[in-house]
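In what follows, chain A forms one complex with chain B and a second complex with chain C.
Entry: the complex of A and B
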């Protein structure tokens, strides 16, 4: 389903009809599935179906005068459900988004700051790039940093900004390091040389900034020899799998969950602690809907002794976005000012309704988003949010 | 006029801005230590009313003209340049404000004089003037010696006491000759921003409440504390989400970044998203029931206990102390 990259390279709104994607757009039957499945569709003056209609009539400029695309959280729901298989999230909506942000009278300051921070510091939170690898000192197992030891390595672990800097993300990192070490994986990280991969918001809003980060990280990759890249951030996975390939990236990239599943037979005997949790799993949009990893996270959770998996009402392809994608991570205040319910608040209610003790996630944005949503719902003492890797690591304890 | 100092007086809406008195105060001190003279320059419309307040200067240069009200940096720079050239001024001091921000660089490039920005302190050491200025947003302080005692200094507001610059005395007034000054841009009208809520980024004291406050009625505990301490109330996101306080009071990643002198975190756990917005406060006092709350990692003073008991008694104690 992921679009042929050659087909969209260099395509703009003016030239889209000359591309195969444009031909596909012309086949739209205006069924409205896209707008109906969009989690924020009801708040958009121009939801996806109307955008296509306007494009067909040469009136797409109208959309730029509204904040409709500011409300798109890149959740891939419209695209994955389109009966004509139009690559809405990947192509058309990206192009409309960039024009929207150019025409906006005021870019919401939180988003503006995140973009600037990425430009200046290589991470959205504005932390010093020289502190990116500081978390390594708190790891219980040794972690090799390539700039200090540039020997060829089998697996390059692309840590990404949220895991590297956010205290809860660092919890996940320590768990991953422990698991990789136990599995005997030959791995290393880029440390302070790494910068944000550039997905999530950046690709949609600032293609120039995204390109600068792509160029930077590609240059760093070329310094070292490794066989494959893993990451715990599905957004980075998407960036490498999709945008980086347009710029000639040829490496192999895997999310940490399917990577661990490859080694599940080796891992299982190490999971000796029975956890006794009832767990519900939130499918991340990028990992699940866009990359099709629905079974792997569940298989990994089921491999942990004593875990009972309960599904939420919306799961797998119907998963409900946490609202952090497409720059949504930095638009919480804006959404609130438009009287829109934050999607994490909407989703947490479904998680609470399962009666589970643990909400398991596989994306670094989701931990802070859902922990916050639990507080808003007044449910933070009854349910905890854990990355799957944290649960695996806990099961490895004696 | 050897070793003379010139101060650009700033005024807005019929009042002299405090920064002007700060500059006059330090200017007087420096001028006296060199047996030099201190001069002020006032531009704008109907400015004669300001002159009696500027008695600390030895003379005042004035240009009373409608077109000089809120003049553009180019115009101000041209006028100051003419004064410096005719009167042989050695040091010009400007305010590090929006009003004067553009003047210094223009003047510096036109007169080939050094320009020192973000100045926090000026002192005299022997025959030299040493200027301390902030670099990298205040992370680094640098001491700079002004070569040949000539230059332009722009001072950060709040760096010097303004009282030291206040004196009412009648001093000589010199009219500035505007015949050579070309005024390309001039001010037309002053538009006030719409009156909004309190700007929490400008408060010296913030009493911030989190979910530990339990309900909207308990906000009065924080208000009472503010009644004694001054400042304003702010909050973490859950409180704003409940609608107990408006969005303009939110501190954190999705709200405001604040740096008050004193920040109270009442019942705020200290999620990274909140800490991002307040960690640079000068003094952080946290009150929280949970001894493991991450807010204690950034707090300078922490009290582990129930804020509903502690805050009222703290307010009482402070009240008693204040008499």
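Entry: the complex of A and C
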């Protein structure tokens, strides 16, 4: 379902009708599935269906004067459910969003800061790029940094900003390092040379920022020899798999979950600790809905002794977004000011309803988002949020 | 109107600062420079005023690492011209910087009765005081610092200003032009400029380079020693139940004579 990149290269809103994607958009039957499935559709003056209709009538400029596209969290629900298979999230909505941010009288301050930080420091939180690899010192296993030891390596692990800087993301990193080490994977990281992959610049308004980050990371990749890239961030997976390819990236990129699944036979004998948790798994929009990894995370969870998996009402293609994508990570205050419910608060109610002890996730945005949501719900003593890699690592303990 | 904005690059404190081996300065290989925050507000204010009342904005700065980024950013925001004063500007502080800027203004005949000179009200490395007052003195122009609001009356050719004082007090001033303003905060926070626009400006616009010989500058302060702040006391974490913590807090407050 991912759009053919050649079909949209260089396409703008003015030229979209000349592209194959434009032909597809013309076949829209205005069924409204997109607007209905959109988690914030009811708050948008122009939800996806209306945007398509305006585009058909040459009136799409109207959308730029509203904040409708600020409210798109890139959850891919509209796109994956469109009966005409229009690539809304990947193409049309991006183009409209880009114009929105250019024309917006004031960019919400948190988002502005995150974008500016990404440009200057290579991470949205505004941390010094020189501290990106600091977490490595807390790892229980050795981690090779390519700038210090540039020998060719099999697997380049693209750590990304939230895992590298957020304290809970660092927990996931330590777990991943331990697992890779135990599996005997020949891996290395870029360390302080790495900058954000740029997905949240790219898919949230800022193609210029994205291009700057793509140029930067591509130049760094070209310095080293490796066979494949892995990452624990589904947003980085999307960035490399989708936009980087437009700029000539030819490498192989895999999310950590399917990567570990490739090695599941080797891993299983190492999982000797019975955890005894009941777990519910949240499908990340990028990993699940966009890339179709629904079975792999569940298979990995089921491989852990003593884990009982309970599904939430909305799962797999129907998963509810945590609200962090498309720049939503930095729009919580803005959404609140518009009296909009935080999507992580909405989602956590379903997780709580399962009665599980653990909410398992596979995306670094989700840990802080759901931990906050648990506190809001007053349920943080009864449920914990854990990355699947943390659970695997725990099961490897004696 | 003719808006001239003087900018300064300062050490970026997001990066950890390192003192050089001589113990007298920051390690320049290590630090990164960024535009002084108040100067960012001064650029914004100049552009807001230009949008309201018309005119041209010129951004001027002494050469420094990463200055080009700041100047291109100002151009992308709406400045008409960016000027870099070439030279090795080490150990120059506000009195010397004011001399250089005053010379730039005089050499280029830039001051007339439509000129408003703006700069940030202060910078983290203003060890010899704030620029705008020195500049006002040298140019014999009225100078105001800590400005949070500027309005222009074309009939009177004057500006009305709001200046902040300590303790939450504010004063309203009126001044004829030309004048020198130290901006504390612009009318709106500095705007976001899409990076694509900055990258396009970098390709299309040019930064004008000007040479001003550093002759006859005031000697200024010499830094004898630079050192990291010494830790004296540390925060104490209180443990226990809520009631126990309250008891401990009350004890601490009464020991300190607060209650």
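Here is the rule we go by: the second predicted complex is superposed on the first by the 395 of 398 C-alpha atoms of A that agree within 3 Å, B and C clash if a C-alpha of one lies under 4 Å from a C-alpha of the other, contacts with A are read in each partner's own complex, and residues count from 1 in each chain.
In this text, contacts are C-beta pairs under 8 Å (C-beta built on N, C-alpha and C of every residue); 3 or more make two chains touch, one makes a residue touch a chain.
What you are looking at is a predicted structure, and each value in this text was computed from that prediction instead of being measured.
After superposition on chain A, the partners chain B and chain C collide with one another. Touch criterion met: A:372 reaches chain B, while chain C stays clear of it. When the two structures are aligned on the shared chain, A:341 is found in touch with neither chain B nor chain C.
Of the two partner chains placed by the overlay, only chain C lies in contact with A:208; chain B stays clear of it.
In the superposed pair of complexes, A:357 makes contact with neither chain B nor chain C. Here chain B and chain C are compared by how many residues of chain A each touches, and C touches more.
By the touch criterion defined above, A:394 lies against neither chain B nor chain C after alignment on the C-alpha atoms of chain A. In the superposed model, A:110 lies in contact with chain B only, and not with chain C. Of the two partner chains, chain B is the only one that A:167 touches; chain C does not reach it.
By the touch criterion defined above, A:311 reaches neither chain B nor chain C. Across the complex, chain C meets chain A through its residues 14-16, 34, 188-189, 191-192, 194-199.
The touching residues of chain A, when paired with chain C in their complex, are 101-102, 106-107, 109, 112, 115-116, 119-121, 126-128, 130-131, 201, 205-209, 211-212. Of all residues in chain A, those touching chain B in their complex are 110, 125, 166-168, 330, 332-333, 336-337, 368, 371-372, 375-376. Against chain A, in their complex, chain B makes its touches with residues 211, 237-238, 241, 247, 250, 253-255, 269, 271-273, 276, 294.
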